[in-house]
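Two complexes follow with chain A in common, the first pairing it with chain B and the second with chain C.
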Partner chain A sequence: MNWGQLAITVVTLVSILGVVTLVLNMQYGHAGLINFGVVAYFAAGAYTYVLLTQAPPSEASLDQYAIGLDLPAWAGLAGAAVAGLVFAAITGWPTLRLRGEYLALTTFAFAEVFHSFIVNEQRFANGTRGLVGVPRPYREELSFIDYDIALAVAALVFLIIAYVIFERIVRSPYGRALEALRDDELALVTSGKRSRRFRLEIFLFTAPFAAMAGAFYIWYTTLAIPDLFTAEVTFIVWIALVLGGEGSNRGALIGITLVILFEELIRAIPFDTIRAAQIAASLEVAALGLLLIIFLRWQPFASLTRAPKRVARSG
Partner chain B sequence: MGLLRIEGVSKRFGGLRAVDQCSFTVEQGSLTGLIGPNGAGKSTVFNLISGLYKPESGSIRLDGEELTGQSPDEIAARGVGRTFQTPRSFSTLSCLENLLASIPSSGEHLISSIFGTYLAEEKAATVRAEDYLDLVGLGARSDTPADELSGGELRMLEVARQLMRNPKILLLDEPTAGVTPTLQVRLAETLKELHARGLTVVVVEHNLGFLLDLVERVVVMVSGQVLTQGDPDAIRSDPEVINAYLGRRDGDAA
Partner chain C sequence: MRVTQLIVLGLGTGAFLLIATLGFSLVRRVEGFLNIAHAELMSVAAFVTWYLNADLGWHFVLAAAIAVVVTAFIALAIARLIYDPIKHLGPPILLISSVGVAFLLHGITSAVIGVGIRSFQIPRLDAWNVGGVLVTPYRIALLVLAGLVAVGLALFLNKTRTGKSIRAMAINKELAGSRGINVNAASRATWLLAGLLAGLGGVALGVLGTLTTDIAFQQILVILAVAIVAGLGSLYGVIAAAFIVAFAMDLSLLILPGGYRPVIAFAIVIVVLLVRPQGVAGSRPELTA
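After this line comes the complex of A and B, so read on.
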């Protein structure tokens, strides 16, 4: 087993999905918005990136896709962010009036509709087959270093930026207002604050981060196929957040690290037969469930993920 | 010219007229009690004033400004403070943060929150918040999360939270329910202190002993309407009020 390669993979995936977990933590852990369609923003960013940076579709190729603008990677990343914002506006505007489980159902439904669209609309991005071998950007510029390492570092930087920004918000009066909204909306409203504004803002502000993570995911996998953007992504991120402890950005990162580490370690085990690999795959899901129960029961990281101190003491 | 003028306000739930052509006025700087038997519509009046219910007819004016048709957050921002029968708080936030979360802050804008341009404002607000916590007797609890407070302390926290906002008028819905006698004394002292500072307060209360000793004016509601109003001594001896609470001695079966 190549431990170095495993470490690089873990860092890359933890960074990419860590941003998505942080986004969910801001929406759910802090503002109490139950988003069961996180994958949709991730996928919207990923597909937007691909369509913006691909070469224009040609008659000669068997792959069908809507557009290919051949833009540079940075423009694709910016476009992904804009797509995340637009998608959040479209889904958030009508649904954010909804409370609790209704919001959960609606966001889940939106994500499924989007997934169904990329699967069934061949002309959008080649349907089920998807687009494979999406070029990795800045290969030549980065030829002095192993590309996988460069990508891991880039993803980690992206994660750190997202973490710092989100943590600044959480520790500010804005974060306090979000938590007040989560605790008791009526008490916030009768204190003269528009709860809807906070909901919509935090939803719109965080979604582009999940979308940009989608573009990073394309760089990592080089694949834009619907199978990578199923509700499973949503569930992985939710499990990670619950494992680490919702309401804490640090907890969110601990959670996603555990989940990714667990998955990648199992993946690294060499199996002799397909049957063994299949059994292991089933056991992986069961073990993850068991892990979740153990963590919820004993909360081993509770002391690391306690709510941050916010108030600037005067005394 | 009263601070709060309620004129001909009605609200029905299905066939029930919870509030029926109700009119009364609360004077600037007064300490007014709102009493009446269960179901008289007292809490409904509070919900109508604070915009949680929309009246079918009538007008509610604060300082001459029409409140009906405005959203609850607008009404609150215009200076109506209120507490609830079941106290409401931000349960995971500390007492201090409960107060800070109740006032507008420039740090509640995303850009300013990221760049931290709110710190001076936050410090000043913290000093004020600590004063109000002291006033209601929660000075030692400022770092305690609200969900660790007793029922009585929660009520005091809710009062402090509303005071922090500097409301023009404060509506208290049954502030003594579930509060120990010691804290009730504290509450009465706090209310008198606020009254002395010029705050206008309306109290809905079932504990008449507590209320009649506290307020200067009483509005009595029965079946959604104002039965009578006057000073506490007049109300104490008013046979109509006694009838409304206890039922007629000589009339129909209770």
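After this line comes the complex of A and C, so read on.
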């Protein structure tokens, strides 16, 4: 087994999905909004990046996608952020009206509709086939270093930036208002804050980060296929968040690190037959489910990572 | 003619959705949370039936009956071992936990069954041509089964002691308990019933088409849609909602490619949640769930 390669893979994936976990933690852990469609931002960012940077479709190939603007990578990344913002605006306005599990279902529904659109609309990005071999940006400029390492470093820097920004928000008065939204919305409204505004703002503000993480994911996989952007991404991120203890950005990162380590270690085991590999992949899914159940029940990391409630509960 | 054919198709889809959603809605009403693992229970029932029927060669009806009973007890065991201890943490945590249960069941079934397409050993019956519209006997049987299930459930909930205590619990658990209703027995009956209905739904799934281990996930999306259109709490609304969603999905084939069927279901969900969150049959909004 190549431990160096494994380490690079883990760092890259933890950084990319770590940003998505942080986004979810801001929405659920801090503001109490249950988003079961977080993959939609991720996918919207990824596909926007691809459509902006891809060469226009050639007549000769089997490609069916209609748009390819051939823009530079930084423009694609910026476009991904804008796509995240637009998608958050679309999925964010129901949050003004819905609470709890109703919000969970609506966000889930939006993500599924978007996923179906990607799968079925051939002219958008080749449907089920997707786009394979998406070029990785700045290859020549980075030829002095192994590209995988450069990407891992870039993803890690992105994660650190997101972490620092989110931590600053959490520790600001604004962050305390968000926690009040989670703990006692009535008290927040009574003290003269507009809870509706906070709900929409936290969606609008955090979604672009998840969308940009989608662009990083394209650089890592070089694939834009619908199978990579299913509800499983949402569930993995939820499992990570619950593992680490929601409400703490540090906990969110511990959670996603454990999940990715677990997945990659299983994937690194060599299997003799396809059937053995298939059983291992299935048991991996079962084990993730079991972990989620166990951690929800006993919450072993909660006392380590979760910040003590600042708001004293009355009555 | 095409429209008539699709309406007939929709009747079958609606019957299946009715069976599949009733158990889900019952749990939502009595236990108070959305059990995402409900569809995986359907998949368990379908594959137990498949194993007994196609692998061991048992008669289909016997295999299906055993599978449905086994599924009912699995549902009860999951409730006691996993959901009951975390009940105090509230519906959202139970919902997330049920995603874990869905993963667990899905992982186990796909590890045991493996990839590939399976089908039951049942006779292939030719479709009847009724005035130019094709009707398959199995779809008619399913429609009859759905009718029996709906009537049976209504009778059970209205006429039997356990049924009445389930209804009392659904309205107010504390009050039911303090009035001497055996809350534990009612909860046990709820889970057995939900598992039974999920089992029937799983068998129906295998009769109508072929089985893969991924089939459950696609179903939970539509079940959620039906449950929301019905109003999350209402059982009678489920009957109307199952057929509304089924007709909308099947008639959409007139204007959209088949891949868009789930999108139709979810478009309905989004519209209903935003316009009439209490559902077609619900009376009071429960927005602060």
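The criterion applied here is as follows: the second predicted complex is superposed on the first by the 294 of 315 C-alpha atoms of A that agree within 3 Å, B and C clash if a C-alpha of one lies under 4 Å from a C-alpha of the other, contacts with A are read in each partner's own complex, and residues count from 1 in each chain.
Criterion: contacts are C-beta pairs under 8 Å (C-beta built on N, C-alpha and C of every residue); 3 or more make two chains touch, one makes a residue touch a chain.
Just so it is clear, the model here is predicted, and its values are computed rather than measured.
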| item | value |
| --- | --- |
| Superposition on chain A - do chain B and chain C clash or fit | fit |
| Arrangement angle, chain B at one end, chain C at the other, chain A at the vertex (C-alpha, nearest 10°) | 80 |
| Which of chain B and chain C A:Phe235 touches, first, second, both or neither | second |
| Partner chain in contact with A:Pro173 - chain B first, chain C second, else both or neither | first |
| Contacts of A:Arg129 with chain B and chain C, given as first, second, both or neither | neither |
| Touched partner set for A:Leu283, first chain B, second chain C, both or neither | second |
| Partner chain in contact with A:Phe117 - chain B first, chain C second, else both or neither | second |
| Contacts of A:Thr106 with chain B and chain C, given as first, second, both or neither | second |
| Chain B versus chain C as contact partner of A:Arg139, first or second or both or neither | neither |
| Chain B versus chain C as contact partner of A:Arg267, first or second or both or neither | neither |
| Closest approach of chain C to chain B (Cα atoms, Å) | 13 |
| Chain B and chain C footprints on chain A, overlapping residues | none |
| Footprint of chain C on chain A - complex, ascending | 34, 94, 97-102, 104-106, 108-110, 112-113, 116-117, 119-120, 231, 235, 238-239, 242, 275, 278-279, 282-293, 296-297 |
| Residue ranges of chain C in contact with chain A within the complex | 33-34, 82, 85-86, 89, 91-93, 95-97, 99-108, 110-111, 114-115, 217, 221, 224-225, 228, 257, 259-260, 262-263, 266-267, 269-270, 273-274, 277, 287-289 |
| Chain A-touching residues of chain B, taken from the complex the two chains share | 50, 52, 72-74, 76-77, 82, 84, 88-94, 96-98, 100-110, 112-116, 118-119, 122-123, 126-127, 130, 161-162, 165 |
| Footprint of chain B on chain A - complex, ascending | 165, 168-169, 172-177, 179-180, 182-184, 186-195, 198, 201, 205, 247, 307, 310-314 |
